[in-house]
Amino acid sequence: MLLTAQARGVFPIAPTPFLDDGAIDTSSIDRLADFYKGCGSTGVTVLGQLGEAPKLEHAESVAIARQMIRRMAELPVVVGVSAPGFAAMRALTREVMDAGAAGVMIAPPNTLRTDDQIVAYYRQAAEAIGTDVPFVLQDYPLTFSVQISPGVIRRIVTDLPSCVMLKHEDWPGLEKISALRAFEKDGSMRRIAILCGNGGLFLDYEMERGADGANTGYCFPDMLCDVVRLSAAGQREEAHDLFDAHLPLLRYEQQPGIGLAVRKYILMRRGILSSPAQRKPAVALTAAARGEVDHLLMRLARHDPRARFDPA
Amino acid sequence: MLLTAQARGVFPIAPTPFLDDGAIDTSSIDRLADFYKGCGSTGVTVLGQLGEAPKLEHAESVAIARQMIRRMAELPVVVGVSAPGFAAMRALTREVMDAGAAGVMIAPPNTLRTDDQIVAYYRQAAEAIGTDVPFVLQDYPLTFSVQISPGVIRRIVTDLPSCVMLKHEDWPGLEKISALRAFEKDGSMRRIAILCGNGGLFLDYEMERGADGANTGYCFPDMLCDVVRLSAAGQREEAHDLFDAHLPLLRYEQQPGIGLAVRKYILMRRGILSSPAQRKPAVALTAAARGEVDHLLMRLARHDPRARFDPA
Amino acid sequence: MLLTAQARGVFPIAPTPFLDDGAIDTSSIDRLADFYKGCGSTGVTVLGQLGEAPKLEHAESVAIARQMIRRMAELPVVVGVSAPGFAAMRALTREVMDAGAAGVMIAPPNTLRTDDQIVAYYRQAAEAIGTDVPFVLQDYPLTFSVQISPGVIRRIVTDLPSCVMLKHEDWPGLEKISALRAFEKDGSMRRIAILCGNGGLFLDYEMERGADGANTGYCFPDMLCDVVRLSAAGQREEAHDLFDAHLPLLRYEQQPGIGLAVRKYILMRRGILSSPAQRKPAVALTAAARGEVDHLLMRLARHDPRARFDPA
Amino acid sequence: MLLTAQARGVFPIAPTPFLDDGAIDTSSIDRLADFYKGCGSTGVTVLGQLGEAPKLEHAESVAIARQMIRRMAELPVVVGVSAPGFAAMRALTREVMDAGAAGVMIAPPNTLRTDDQIVAYYRQAAEAIGTDVPFVLQDYPLTFSVQISPGVIRRIVTDLPSCVMLKHEDWPGLEKISALRAFEKDGSMRRIAILCGNGGLFLDYEMERGADGANTGYCFPDMLCDVVRLSAAGQREEAHDLFDAHLPLLRYEQQPGIGLAVRKYILMRRGILSSPAQRKPAVALTAAARGEVDHLLMRLARHDPRARFDPA
């Protein structure tokens, strides 16, 4: 069951659970999978930036992907395979696709500058992993310093049939969604799935611009699923009301560098991760930050009764 | 009346009003000044990034600063004087200080990399403008790509008595405020004023970490003033309630590139600017974006009855 | 006499001479002009990066350009007008064109990333300065971090008739010259003049790829003129022999940051500048570096008897 | 036999030889090793940037290092282990040290900005690979965009006893060597070996500033060895004469992006590599560029009779 351009809904970006000694926490991986399925997710993405992918050895990466694929059962699992070279990218792709992954996600290396360099990179990457492997184009200029204009996305989509989804996290990015959907309408680009990252910070309006869902690691994917559903059903104000109730926390999580620590801490308080441990290099939450997150959770619980978690 | 390290409250970052033909809109400058004073601002900053400073000729910059200084009367006006070279920085500083400015603001050029380079730059800048001119250190890595660690700020503050304020807009930045206040407590750094930028996106917790107020261009400075006042008075939940009501719009405004267009549009709808015009290069709001802003204003009005504006 | 796409030969990039107290050294400007004319230069460029343009006040910039234009008499003078905003760019352009400049040079701001952004910037710049003002496109990725592909240069040249010259200093850049000349041959781009910068480090082969000459600040422009002449005349090995004799010094000068100090020191030893002074921020030569330059000059004199200078 | 701070001489940076089909060319690895030994090299570095390390799978990297270690016999082999995460860095280090490597080389990730971040990174890296493994600090701002000041190098050297060598390729960098040697003289830093990269472009004066040798991939390591020997023996003018004869080619090789293609082509013409093939992404030499290299080789042969190679 391969990923297609018809994908929609919420693909949470999964963190990689570690035990306090740095070993991979396999029981938490199962809990994560069950949690995502229980929320109404339509898939999941592992080994992204958030998943601490560069800190894993190859065999660990494969094992994590395999376990998630098995546990998610019929739901599609996308695997991040970004690597400094095509040999490692191809090797990981082959193993996870053999294990049943639905597709892979590829971010641009931060050395790319011109439009032609970007297009050439994705052409070579698609060839390296095999043109039969569906891939997600990750467009995240804030982190990767590579700016991919709508016209360049159209060139990639047109040249490479295996490009089926955009992980959209340009910032600002609302006009980009509109531009891509306009390309589809005027017939100059085939349809691709657009799932939004950026921590979900603009998911409310991204849905209204034509996005198909969310592809981010916010620690309440339940809310993401509900907002996507409400928005798709035309219940605009209800979607915004729910989204706005989460925005103070969502904004806090979206801080570069410490976002992952916040997410792991909350997922622990929600009973899913057994430890908030990260591998080095890592930024830990200070007591002050933990207090702020606790405060945000307490305020959130007042507005969204479904937002449950363990006492701090 | 020079700026001192005791500054606090809200210094809105003023946009520069233009008429549709690109000329400076002097009557809107007066309305802006009156609006800021009416909100409870304790000062104002002109000719920052938001003020389209690089698009102005020297004589225009001086004229804008002069008018704002005159109209703000006894309230302090800080003038952005960042320039690619010290000759222009000194020239502008001299003229605006002669006209009654309270101090100037200096951003680091984006070529600085090492700690020593940053310290050396501010030493040369302080000498260039005159060591009797109070200056605000602008710390905005997202835009300037210069990362100034707390230890480097301490070196600058220690070396340069004329550095009296930090425009804090590192991201993430909460720990930075705590680190600087800890330096003050352990006696290793004298006190400076810390006013927060970043569109106000973290003002709620920044105040709790020890900030003295806000120094940003959010189009409802009335809210910023209230949050700073409530937070300083220990009315924590009230401060957060008010802040959270504005967060959806504030987040929307904080988008790089189009934030200024949003702000000018809202300030026009609030009856302060006569035109949303920017000088080139500029990004205009699309109809879709205007619709989103209108929607956000409508929703805001439900939560904060003081948030008034003209019909779209 | 405006700059045209038929320009060729050597346009030295002039440093701005200062006295030890930081004032502009007008008598050295005259000597520079006479020296360039005496060398066989076909023009000169003032107020480039090398000319410490950002350290000058507006009135100083105009005065320097005026003096150089007057003294160069019938030879064309190009003036660097790069500025953070179009208002300052337009103002300087107007004054120097009124004073008789042949054209202006515009570098891209280092915020540009995508192809479309680059093209849009030059379109706006050309409109801002007036479409009747010939301009030189400065392509210097090492310093400006903006990569302009041959296809983008073609778009700019095609869209903007006032773009008449490329200051070519991409690195590596030989294939770029070939690509542009191929565009001309296949009729997809009109001819433009290509003069090479990069300190002249590849001038030998750049000429063979189709460049029209040099536009750089190497302190022996006499050599640049001879190499351009020999190469144009088909005396290939003679051109390389002369170039190679200068290469050790030329390479030394080409170091970022200290290149200007080396050039001013040598121009002083050649009797043209009265002081090696730069305005701050500046990097001075250490005694060790001065010793290395003296050593290089001594070795050069053995190979090129025309390389004359005063004793250290 | 581990690498120590007493290392000196020439450690060529070895390219990774591939066959035309992309497989590793093991017979060329042996020829490379023999060639380096025959030249008088005192060691060799594999799997650096030049060695296309990111394009290799883990098992290939280990195999290449093992073969080179075996063939170099008693001479030390340094292995590049830079990786996006510490898990992969540790895994590769362990395997190559077990196989007999003398030490490893670590480049900074290009996300590091402040002095503290750089020091922290190397502390974590040294701990990750094991504090008993000697490592080379690679200081290459042009490629990695990380600027490491002399004071920061001193902090790293002081904190981490396993840091024994600097691969010096800052640009400009002569003053940096002087600054580090001055630290040693004033007793504030222990001695480390300084071997210079940057394609050797400043090796002549770097030796005079106190460098211990070269650590670069110039295709005539024989010349590097001779220059290091002559310079160490005080035969200054002879060292410069030989260096200058190679400078036109050395400069040509030093072009970013295509330098590796030039080196593989020349090493093929010297009978060492059986193919100039690179893995993708790669830049190939055009016919024009090959012609220029042939021309440079022909001119070099006139000046340095030892510079031998096969007819083109």
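All chains are identified by letter, namely A, B, C and D, in their written order; residue positions are counted from 1 within each chain.
One rule holds for everything that comes next: a residue touches a chain if its C-beta (ideal position, glycine included) is under 8 Å from a C-beta of that chain, and two chains touch if they have at least 3 such contacts.
Keep in mind the model is a prediction, meaning the values are calculated, not measured.
Two copies of one sequence, chain A and chain B, touch each other mainly through matching residues, since over half of the numbers at the interface are common to both. If you compare C-D with B-D, the chain pair joined by more contacting C-beta pairs is C-D. Chain centres here are Cα means. That of chain B falls 48 Å from that of chain D. Averaged Cα coordinates give chain C a centre that lies 33 Å from the centre of chain D.
In chain B, no residue touches at least two other chains.
A complete topology is adopted by the chain contact network, contact being made between every pair of chains. Considering their complex, residues 171-172, 174-175, 178, 201-202, 204-205, 208-209, 237, 240, 243-244, 247-248, 251-252, 255-258, 286, 288-289, 292, 299 of chain B touch chain A. Of all residues in chain D, only 113-117, 141, 147-149, 151-152 touch chain B in the complex they form. Those residues of chain B lying in contact with chain C across their complex are 52-58, 60, 83-88, 91, 110, 120-121, 124, 128, 279-281.
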